[in-house]
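The structure appears below as structure tokens.
The chains carry the letters A, B and C, assigned in the order they are written, with residues numbered from 1 in each.
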Amino acid sequence: MSRTPENLISETQTALERVRAGAPLVQSITNAVVTNFTANALLALGAAPAMCDIVGEAGPFARIAQGLLINLGTPVPEQRAAALEAVTAANEAGTPWVLDPVAIGALPVRTALALRLRELRPTIVRGNASEILALAEAGAGGRGVDATDGVESAREAAIALARRTGAVIAVSGPTDLITDGERTVLLSNGDALLTRITGGGCALGAVMAAFAAGAEDYLVSTVAAVSTYTIAAELAAERASRPGSFQVAFLDALDEITPEHILARAVFA
Amino acid sequence: MSRTPENLISETQTALERVRAGAPLVQSITNAVVTNFTANALLALGAAPAMCDIVGEAGPFARIAQGLLINLGTPVPEQRAAALEAVTAANEAGTPWVLDPVAIGALPVRTALALRLRELRPTIVRGNASEILALAEAGAGGRGVDATDGVESAREAAIALARRTGAVIAVSGPTDLITDGERTVLLSNGDALLTRITGGGCALGAVMAAFAAGAEDYLVSTVAAVSTYTIAAELAAERASRPGSFQVAFLDALDEITPEHILARAVFA
Amino acid sequence: MSRTPENLISETQTALERVRAGAPLVQSITNAVVTNFTANALLALGAAPAMCDIVGEAGPFARIAQGLLINLGTPVPEQRAAALEAVTAANEAGTPWVLDPVAIGALPVRTALALRLRELRPTIVRGNASEILALAEAGAGGRGVDATDGVESAREAAIALARRTGAVIAVSGPTDLITDGERTVLLSNGDALLTRITGGGCALGAVMAAFAAGAEDYLVSTVAAVSTYTIAAELAAERASRPGSFQVAFLDALDEITPEHILARAVFA
């Protein structure tokens, strides 16, 4: 790829400023466990969250939203239908959307839905290595929302999935891998405490949707989202060493983080 | 109106003491994003929360509850039916109930339900200016849960809506406006951080239901709820300047707030 | 009973270390109000939470989970069917499961479901005195999730229920009573702040499922869960005196608590 780490830092800074200035309206169709945390993460960052996930409203809302998250963590029937309605409308309206195929592989209902959504041109797909491998049908899935495979194990599957779907694929782990099939970026920010609170990964999907709003290059916007999010986790981990207080400090850090923090801390490869 | 600000302060103090002494049982049929925060806000204040929102139970519970909230933030079909069941029972049993028509206007399902509930004699209606305008059919609604209109823009619509429905109408914003169609009170407490956490408005609807329990005058009880809630936000904002820690401090402040805080800080007009 | 308090302390310490080392996968089919807090409590403790509560997945997941919680706080139809599916699979696979019959007695839908689940051989039943009395059909139920009866009032009903069902029965209150019908243990740790946050009891049910994973003696594992949980509450209450900050401190304490804390603080009778 022709982009240098310096360019990515600069573009991440610009993207953060764009989110703050635009307060993009992000529709989240997400799981019941993390709705509150997801909305608070978006608010702290400066975006405008809306969880609109019922049939008859999910579609109309996806036309006015500036970004959309489809997270499959607790896909009750109403939400499954709403997700399809929203994606159809998002594609018609040009709203970028993120697919987070939580825990697919072993669980049949969400796996079938994820495979169907995969064919509906997601803008971005976010998952851990197990989930990306399962979505690429290159692996057997995991035991739930934990990663049981390393990011590197999903590199080839992620690149192939990006080429097949046209989506940017983001593989979450201690190192994050983001690829559009041609360009691949590795990021090494973050803190393990992010895995000790529920929704640490799920809210990142919503943040990716916020950064995708108005973006020209979704690889760059996804890199910017991951970089901002994981550097905020580092800021929080400097102030809190256990999960309860870390969650509070992390929301504060999403509010506090500036382009200067990005410049000082971003680690790209 | 004949009530003076001094009277309202005194009555707010009395109302807060009544909630603390009575621990009213408040049924909340509310959106999935804010159930946890709403229950914790009620508990912190001294009320007893119960989210009972399924068909076959919502009605029986509304007969024993001392206050009821109907919030339309994520109105899945089961919850829509449960809301109607609960309202019918509440009206038969004399349980006061609060309608919060979240984000109505542009979204068809909740708008239709809100217009139906409007005719079922809500005790109190709480919304931002956009929502109150939409419920009064004087506006075209908003982009979601944000206010896109100022409180003053909804004054006439609120008064008309109060006269038409018999409900107390509370319009939330930097200044809060509360009217029963004859008397109108403006309150100027609060902090902008309340808009940076999800559920900041939604939980207020539940607190209004708690203050309505056993009240003789719902205008006064609603003023007391708003005053207590927004002064608690001020206490919290003195201790926390970012949204994560503000949410924690706000729950603490709902527990801590006393009639003395009301006396020292309440700003009525 | 032949077990001494000293033995129980030692076994609680061993059980805590087993949870930390094994990170048991705990499936929680629980109410919408407390899903986030429950997942965070399990993560803080060192377990691996998964809320898998839809038809078609709840059963398959219960076969791979190491513990299962069925909490009846907001039993929508999909979740009722998923609960039965999960319990059937858990029984076939030998997965221990906890029944938390929230607010049964007055509310017909959950009461009918609880009575049906009672016959499906729960491993552990957790409730306050009112709920245990209602499940034993010895009482008329309560006004919601508050205990309106003391733990002692449910002693005979709990012992009879244990003998009838084969389950360990845990009655929550200022003193906790745990019985398998032959042996009965009283625990006197905890803090009243645990009743001022929502999910304080519900998350305990999930923690019981985590401690049941791989246990040889479910009375002991349940005692260990309650002891660990209530001592963590004591640690938190030393650092936070109001509910918002207590919730944060409690999650931190579940992460921090060690066998040494158990030894120093456990109060059995």
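One rule holds for everything that comes next: a residue touches a chain if its C-beta (ideal position, glycine included) is under 8 Å from a C-beta of that chain, and two chains touch if they have at least 3 such contacts.
This one's a predicted model, so the numbers in the text were calculated from it and none came from an experiment.
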Inter-copy rotation, chain A to chain B, in degrees (Cα atoms; steps of 5): 120
Classification of the chain A:chain C interface as same or different, half of numbers criterion: different
Chain A and chain C, separation of their C-alpha mean positions in angstrom: 33
Multi-chain contact residues (two or more partners), chain A: 32, 36, 247-248
Chain A residues touching chain C - in the complex, by the definition given at the top: 31-34, 36-37, 73-77, 103, 106-110, 143-146, 196-199, 242-245, 247-248
Touch list for chain A against partner chain B, complex: 25, 32, 35-36, 39-40, 43-44, 48-57, 60-61, 64, 78, 247-253, 255-256
